[in-house]
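My questions will all concern the structure given below.
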């Protein structure tokens, strides 16, 4: 049954990618069906799990032995527990909605069949990632989603920027993958195995240094996949992909795989406090980084990408808090999955109506033209900024509370940072909202002279948006009432109640206040005044934030340029030194032969001289030998 | 006496070579089909070798043995036999050759109006006959358990390879017909000289080995089994110095063949100038004899010296991995890029061999097979592309994905396999090598891991520059893969995916051989720091 | 007198013949010098034969003579041939032995 | 015969033999030296023959009677005569220059020769025994009988093989020197056509000695400017270097004649100085002809260049007769 979860989209992908043109007309429905089938399986399994006791809610399925070499035993085996189940449900439900949305969004693309093939491939890989019962199989899914992400970011390959962005995403992710590889290698040398069960069982006996090493390597992997500092640079560029991709992969599911990894490896991290500290630091830095970048971007998708980064920063931070935060990291992950997907789909709907314009300064006043989009986007907006009793309110406040609960100065620092982040979130989201849907219209004909005619998107697109909006609104409440979510996940992740200097209520009030501050600030800047169609020069921080805080410039100088010089130098050396040495030897021999050849002048008498000389030498040698 | 299966496996392509060469000039197509038929029969025999190979726990190390006296005075025997590694390598060779023949179907046809196109001009026949000849010799080298016999075929395969490189280039160069011919003969001569030098050094070591056996045993022998037994029983005991010198002699030849940095520069030239199938033949099959021989001869015959040389060799293979990848990044020529990528991969293989762990060596063996198939897929598709445009320069392409999506797709899959994406065969082997290396030499393993990133870079940069972006002028009408080409590429990709998902059949055959090799070098796998077996028991 | 003197004489003649071979360019003269060397060797053989009281040396000298005769016949024929085709009997003219 | 036998049977040499050796040995050495050093091959051959005869005497003195006779009959009589025949065939007067053309060859040869000689001599000196056996016993039944006994018993196979060798050599020599004509002779017409086609020398070569008022074939004709033309002399003579020198008086006479004729016609002719004869090369050639190749090449050039000159010369001659 668990295998079927993965098999359905995999089969769909294979069919769509190998099927050829014959499937062009039904391809998208086929892809949707595969995804929906997966969702159905997931729901069946879910009810199955719900029927069991909390501690026994774990299914195993061993398919076959994958790579057996001596002690190295890698199996293809699945494990479905509450954590996996949560992810599976999120992935299949959001995935299916986005499949549906894409039917409309990609309607005019001649390569729609392939697009659905890639989407299915992604689903399969993502499900494999969360269902694997060992790190190596997880790694397969891990790289699989990377591949799908690569293919989908670069889906419009004729655009060089898309191709470059795709390559960048893959390569940066690969850097993270090195971390995962090394972590698995370390696990193998330490525990002789890399299945979750064995590793977690062996943690007690391992030295803290080793565990810290494993933890840091896992964190590196998580940073790559979840676009955390310092491997965050690819996410902004990844917005080159079609919008449903951004919604599914780069907002709701794949980028949260890092959080999954850290949570899944909680046992390891709990035993390595140093690694946890680093996780928290990374989360906190990214949280602010993403928020600042999100405040400055005019490209609606890139602004949302900054927001995604920031929100995942929250989750990472929460995951770094250990049992204090695991549950809430996952909870925020799920709610974020809903509202961020909703936001992206809304952005896609806006772009769909605006001739693929992404610059928010060219929008304005769209609420009249796209009422449904406005409504769903608005609800998701309220959810993300933590409007009371919407989903973001519950999940984010819990994380902020967990931060305070860490205790001591650290607790205050983390709480403060997260509150600042909440204010920034409110600010940039309000800014997006105002620039897009409020104010006067600012759109102009494009170069070809086409005046955009903003219109509401078709039903296949708005229905998913509506469902997600419902999710954004209700998820938090549903999860929080009676602590359902906490109880559900607790057996896997554990739960701790720290010693918080502030109460729950106080945190909620503080969060609401900073949220209102952020909204107010944005309203003053963008709601009261006319938004200029061309971005003003801005101050130093704004300009830096527009350039993603100079991360690409840094990467360019530090890696790309040095790499180029190194490569060119090595090519030169390979030709001149390594090859040159060999060719030089050959040339030296050639020259020597040329000299020696002159002795061979063709005159018989010369040869005769050498013969006689030789004879004389032989006679001399004989005589000498006798004399001695 | 049982049926001499190994001899037959080598004899079929050899007979095929003669038969193909004898086909009259006008029957060109017939010659192609004949060569294909013989190569397919070889696949059958190779399959029989795999099937007859006993992987049970009590099975002999060398199986399907044949032994006949040949040159009695020097104890040279015609001795064949395979362990699991040899059997799989023979299978790889046999499986790849039909694809190469299919891919090079029209590569050697005489050009219309070429002046030599006389009645007796038969390049096509020669091309396929030479390929089959190489196949026969490679199979024999994988099967030979007599050191002298191995040496013989190790060297003899240079001759047909020389003609394949020098005689049949692809008609796509930057310097015109004549410059191309000059480049080609340069590459062929370079290939020959490099390998001959290696072979010469090895010959000295072979003779030295014989002298040692003649000194210490009743009679001199070249037989691997006899020497291994004598070494195990202590009858044959090399002094430290002698063993090291002999080891170096053997290793030098194999390092050139493999090719290991800094002895690698012949490979880019040879692969760049040869046609794509021949380039595959070089890197996927012939070069594997080098790494295979490291496993079988270097480690088996000279365990102490292998141990002594390991640090240096590990460093060299690390340099190969990183250097190959970095230089690949800087290439303008597609085939040279793939050649440098191969150098990087050979670094991994040698790393695995000398990691002295069962994961490392098992991984290295799998790596040889997977690299063979992956490179074949990538390079053959690149060859199809080059044949269409008539240029090897990356800069001449762009946007192929738009006009020839299937070609681009297969190219991408080949590339992804080359960068060891999980789910494809190379991932399994690369990871095994890394595990094997890391469990004994942590630092080396960590550095080797960075090769993963570089591999992604050069493959994706290549793909991006050739396949994506706006369609370049002159490529608007680029035809997509034809049926023949698809028939060549699809099974290769299928194999790659199958081996990535279910490599167990191979590992089962390879594992016992690796155990034997490890016991030859008196090594055991390092134990994990923490025993988690009780967890297993509890389950 | 000691018969060894014959040996010295033979050595002297041999050396002279050798120098002639090296110095002269006319193929016929070169050939004659070779004959001189052969004769010197014969003298040596004959002298040894006497010194050792054994006829084997003379037999050897006899064979040398026969072989020399055969050689002269063929050699001169070759010289004539070469002269016909190249109009020269100089050994330096036939310098085709180099690349 | 018996006396000779007894002579050889002695274990020490007689005074007579010593005298014979000391008289003949220097002669043999001188003969050998002359063989090597004389410029004309015929002289060399004759000197060699002399040396061989002396060697034959030494063989006799050493008790090798059969060999001594064979040496004279076969070597000196047959082989050396064969040499002479071939020399005649190849050109008896073609002298060999002793000027060395290969750099360093002479020094190397001298060094090698000297070294080898010294080594041989010292080797012999080292190996000298002091006493010797003598052939008295071996030659007891007569030298020929002794040789035959060995030759037809122990060495019979070698003997037969030498027989075969000789046969092969004879056949080989015949084959080598025999030239089978594989195409028919060219007709005169064809030869003429070929000559025109080649175009180097279309007209017949100018005759020798005409203008020099001398009909000897070895005297070159003069070109209009008074220089002798080698081309007028028969090629064989040229090759042998047997072109006779044109004396200065003859040239002066020609000049005077021209002068006279000009005055008789009252013509104003450009005064032509009779230059120093270019024939210096021709005359010098008798002593030291340049290497054959260069001579031929020069002749070819001359032929091309001087055809016109020769024609002019004959025209002048006709004028003079009027």
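A, B, C and D label the chains in the order they appear, each numbered from 1.
Basically, contacts are C-beta pairs under 8 Å (C-beta built on N, C-alpha and C of every residue); 3 or more make two chains touch, one makes a residue touch a chain.
Chains and their UniProt names: B = NADH-quinone oxidoreductase subunit M; C = NADH-quinone oxidoreductase subunit K.
From a predicted model like this one, the values you see are computed outputs, not experimental measurements.
Enquirer: How many links in the shortest chain of touching chains run from chain B to chain C?
Expert: Steps on the shortest route: 2.
Enquirer: Measuring centre to centre with CA averages, how many angstrom lie between chain A and chain B?
Expert: Roughly 37 Å, centre to centre.
Enquirer: Please work out the Cα centroid separation of chain B and chain D, and write it as a whole number of Å.
Expert: About 69 Å separates the centre of chain B from that of chain D.
Enquirer: What's the distance between the Cα centroids of chain A and chain C, rounded to whole Å?
Expert: Taking the average C-alpha coordinate of chain A and of chain C, the gap between them is 95 Å.
Enquirer: Counting only Cα atoms for the centres, state how far chain C is from chain D in Å.
Expert: The answer is 18 Å.
Enquirer: Identify all positions of chain C at which a residue touches two or more other chains, and write them in rising order.
Expert: 18, 22-23, 25, 92, in rising order.
Enquirer: If a residue has to touch 2 or more other chains to count, which residues of chain D qualify?
Expert: If we look for residues of chain D contacting two or more partner chains, we find 102, 105, 108-109, 112-113, 116, 120.
Enquirer: What residues in chain A touch two or more of the other chains?
Expert: Residues 601, 603, 605, 609, 612 of chain A each touch two or more of the other chains.
Enquirer: Could you please write down every pair of chains that are in touch?
Expert: The complete list of chain pairs in contact reads A-B, A-C, A-D, C-D.
Enquirer: Using the touch rule from the top, collect the residues of chain A that touch chain D in their complex.
Expert: Residues in contact with chain D: 601, 603, 605-606, 609, 612-613, 615-616, 619-620, 623, 626.
Enquirer: Taking the touch rule as given, give the residues of chain C at its contact with chain A in the complex, in rising order.
Expert: Within the complex, chain C touches chain A at residues 18, 21-23, 25, 91-92, 94-99.
Enquirer: Taking the complex as given, what residues does chain A use to touch chain B?
Expert: 17, 64-72, 76, 136, 139-140, 142-144, 147, 150, 154, 157-160, 162-164, 166-167, 170-171, 174-175, 177-178, 181-182, 184-186, 188-193, 197-199, 201-202, 205-206, 210, 563, 566-568, 570-571, 574, 578-579, 582, 586
Enquirer: Name, in rising order, each residue of chain D that touches chain A in their complex.
Expert: 102, 105, 108-109, 112-113, 115-116, 119-120, 122-123, 126
Enquirer: Which of the residues in chain D come into contact with chain C in the complex?
Expert: For chain D paired with chain C, touching residues are 8, 13, 17-18, 21, 25, 28-29, 32-33, 35-36, 41, 44-45, 48, 51-52, 55, 58-59, 62-64, 66-67, 70-71, 74-75, 78-79, 82-83, 86-87, 89-91, 94, 96-98, 100-102, 105-106, 108-110, 112-114, 116-117, 120-121, 124, 128-130, 132-139, 143, 146-147, 150-151, 155, 158, 162, 165-166, 168-170, 172-174, 176-177, 179, 239, 291-293, 296.
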